[in-house]
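To keep things simple, chains are lettered A, B and C as they appear, and every chain counts its residues starting from 1.
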Amino acid sequence: MPLLHRLVRNESPAISFLIDGEPCEGRAGDTVLTAVLCHVERLRDSEFSGAPRAGFCQMGACQDCWVQLAGGERLRACTTELVEGMHIITRRGRGRG
Amino acid sequence: MAERAPPLIVGAGPAGIRAAMTLVAAGLRPIVVDESHACGGQIYRQPLAADGRGAKARYGSEAAKATRLHRDFAALGTGIDYLPNSLLWNLRDGAADILRDGVSRRVSYDGLVLATGATDRVLPIPGWTLPGVFTLGGAQIALKAQGCAIGRRVVFAGSGPLLYLVAWQYMKAGVEVAAVLDAAPLAAKLNLLRALPLAPGIVLRGLRMAAELTLCGTRVVFGADRISIEGEGRVARIVYRNGGREHAIACDGVGYGLNLRPETQAADLAGCAFRFDPRDRAHLPVRDASGRSSVAGVYLAGDGARIAGADAAEAAGERAALALLQDRGLSHDSRRAAALERALAKIDRLRDVLEAAFPCPSHWTPEIADDMLLCRCEEITSGEALRAIRDFSLTEINRLKAVTRIGMGRCQGRMCGAAAAELLAARTHRDISAVGRLRAQAPIKPIPLATSQSVDERQHDPAH
Amino acid sequence: MTRRIDCDVAIIGGGLVGSSAALALRGMGLSVTLLDKGFCGAQASGVNYGGVRRQGRPPEQLPLSQRAHAIWPRLQRLIGIDGEFMRSGHLKLARSAADMASLERYAIDVAPFGLDLELVGHNQLRERFGIAGGVIGGSFCPGDGHANPRLVATAFAAAARRAGAEVLENTKVVGATRTFESFTLEAGDVAITARTVINSAGAWADTFARDFGEPVPLERTYPSMVVTEPLDPFLAVNLGIEGGGIYARQVTRGNVVVGGERAMPLDDPDYSRPRSDGVLTIMRRAGELFGRLRHAQAIRFWSGTEATMPDRNPVIGPSATTPGLLHAFGFSGAGFQIAPGVGEVLAELVRDGRTSTPIDAFAITRFPPASQPDDALSSR
């Protein structure tokens, strides 16, 4: 079950994106964090213990929500707007360049 | 005669907005740099896209203030050099490094207003890194800016006025709020009687929120202790002690926080002197009643200097801008300045009361178990910290950081600094004011290695 | 009330040199007072790049460096932690034929010292080390490596304390004088009497040298470092470049430390900060060198205060003016690896009046007062 539940913008324009290869839909106005956590329960695994992480402060301070895209790019999920076609990888080790 | 560089305002929340308006009204054209896409800071944060909710639905009782600030800032137009979506990652002696879209620019300034705001303060509790646990501010942003709830059955825990406000906002949005776990004992709330003459509206609103929550079926617990969050891969329940017994509440989302902590990295890099503040329980940049820091030409306003709330931030932003104008030899309204200082002094007395009514449970940290994660980023446990303190005879927090890596991760001590200080103070039997403060280092937030450099055409000082 | 301490050896400066000397002296049964104006290991010893390398040192440093080389693998036994020492090898890259020739010449010059240098060409660089782009060859020293400077220096001081040294932190020596047969050091509310004094005060050592009538042309330099977030392992060696410019290593936890460019002092020259354009330049160079850094984030920059001598060799050995005074400072940004060896040498000098390791090249007498510019002789 997803971590976040949408209360509004359910009818907003859909934005197609991918999580670990799976096609998903977000809504215009979503941050990457919102879009991903409306589908799954985690954003990434922590580097050292492998424990799941899903953000914390939602305001770009705690730096917990850094995710990787399929091409290796990194972005901070809570302060990045979801863009059509984004491919977020949640199941991977550390940053791989 | 060389033209003076413009003043620089860091942050477009209530303090930054008022500072900008004040400087523009005096004929200056300040640079306003802000990380967000739109003004408002956190409290008056604007959504990325329209979501069908008006200001009342989004900002509640503060809707009029929010709307006015947004509108007033927009009206400044090209009267300011507005840099949204921009990160100020370093500054020194009249030059700031600002990153936007992968390009870093060196920007010259003459006069600096720091309105950098605040984040939630937290102390570690078991399970605080589980998916589904957000700070109180984070839970509020999810609801206010993204229109999402952090769970279907949520528990809010910690301390501070925000605890009740966010819980109430969730309840009003139709989310089941199973419990509010207040770390402070009920007796602490009696202090609110002292706030009645200062700000009756705030007190009555708070009482009404608590009452409505209770009527809605929320379990409101005072003096909740030994709070821990459990679950396999995500939040499943929250456990606490109260009345001599352990209790567990099933939930799928937790909002947790212990009031706020100022973002003081820019002040540190600007060379401001710091002093320990017992009310905030943190080292804060020294500031006088006008907002002047210890460094000529550097002014501090809003929660980024000391926690005092959004109304104080507005007043402080305007007051600091007036100080900047005065120091620049420009005419300024000294009667207005005095009135602002009186208003700020009154809010300051209110904050004393609120801190007493919503105290930070600093006694938690010395009691935490060895295997508890103290530093989220580097995954350092309190046991490792205690061993290092013993093995290396550590007494100072930057030494603790150097040896254990606490505070060396991506968040550079924002989430773990308070706990590290509490732990070190408790273990070495000293007051928390004696263990030092984590020194800020650039970059203020992580920046890409691939950042390219650019030179600002309007650079005034070639010496850098 | 002044606390009085009487001891065999007083050491001014609790960095890696002073702390390792303190530990070695305790091992010989001598009483030691170790003083630092701040926390031990917090200055250059704690903020340097962390390279533990012999390769690249001038031949006159190699006997000392080889002595230290034998100590690093024994850290666990010596100080209780391994200091995250990794025998990763040190790879020095050449960007041009001239640089490669320089590496080849060096390999010949130091052949007698047993560094086991391997010269590698372009193909080997790619196959063995995954490095392409702008480099034509390199020199690999398999026995070199890197360690965590924050841990090592602090741990030596802690070990010295456990071994019975009196360690006085946040205790600044404000006066040092020689009386009849001993020295008196004044440090706030402590007065120390000692038969021997070691001046290992790093960037502040020139003041003490001058006080004893032997000024030195010491300059402060400020290195600049960048560290990334934790990354998947991809860089197994400690990497440098002939001619300088950039050096990089990846720690076990995955962070990559990259050094290069110069930082600048603040108004208080005891403190420094990297230059923004310097770190941006180094970050870009690092990304050009390693594709795996293309998307990485830098999470922290730092600097520190190093003491540099004009010939980039340290000052080690007896004072030329004052019996019982030993100097060990001015390591010019290359002190980390050799410091534990210097500590042992200093202990030998104290106990025996001589050492088995050649240190004549580091004599303070190579800087006669008459040869120095006036400002080296005046107060800072």
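Convention: contacts are C-beta pairs under 8 Å (C-beta built on N, C-alpha and C of every residue); 3 or more make two chains touch, one makes a residue touch a chain.
Predicted model, so just to flag it, every value in this text is computed and none were measured.
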>> Contact counts by the stated rule: is the higher one at A-B or A-C?
In response: A-B
>> So, comparing each chain's Cα centre against the centre of all protein Cα atoms, which one is closest?
In response: B
> Which integer distance in Å separates the CA centroid of chain B from that of chain C?
Replying inline: 40
>> From the mean C-alpha coordinate of chain A to that of chain B, what's the distance rounded to whole Å?
In response: 24
>> On a C-alpha centroid basis, what's the spacing between chain A and chain C, in Å?
In response: 44
> chain C: which residues touch two or more other chains?
Replying inline: 229, 253, 293-297
> For chain A, what residues touch not just one other chain but two or more?
Replying inline: 47-48, 66, 74
> In chain B, what residues contact two or more other chains?
Replying inline: 378, 409-410, 446, 448
> Once bound in the complex, which stretches of chain B touch chain C?
Replying inline: 90, 92, 95, 97, 104, 106, 271, 378, 391-393, 396, 398-399, 402-403, 408-410, 412, 441-443, 446-453, 464
> Touching chain A in the complex: which residues of chain B?
Replying inline: 35-37, 42, 47-53, 119-120, 129-135, 137-139, 141-143, 146-152, 173-175, 233-234, 252-253, 263, 376-379, 409-411, 414-415, 445-446, 448
>> Going by the contact rule set out above, which residues of chain A touch chain B in the complex?
In response: 1, 3-9, 12, 28-31, 34, 38, 41-43, 46-49, 51-64, 66, 74, 78-79, 81
> chain A touches which residues of chain C in the complex?
Replying inline: 229-232, 234, 253-254, 290-297
> In the complex formed with chain C, which residues of chain A make contact?
Replying inline: 47-48, 66, 68, 72-74, 93-97
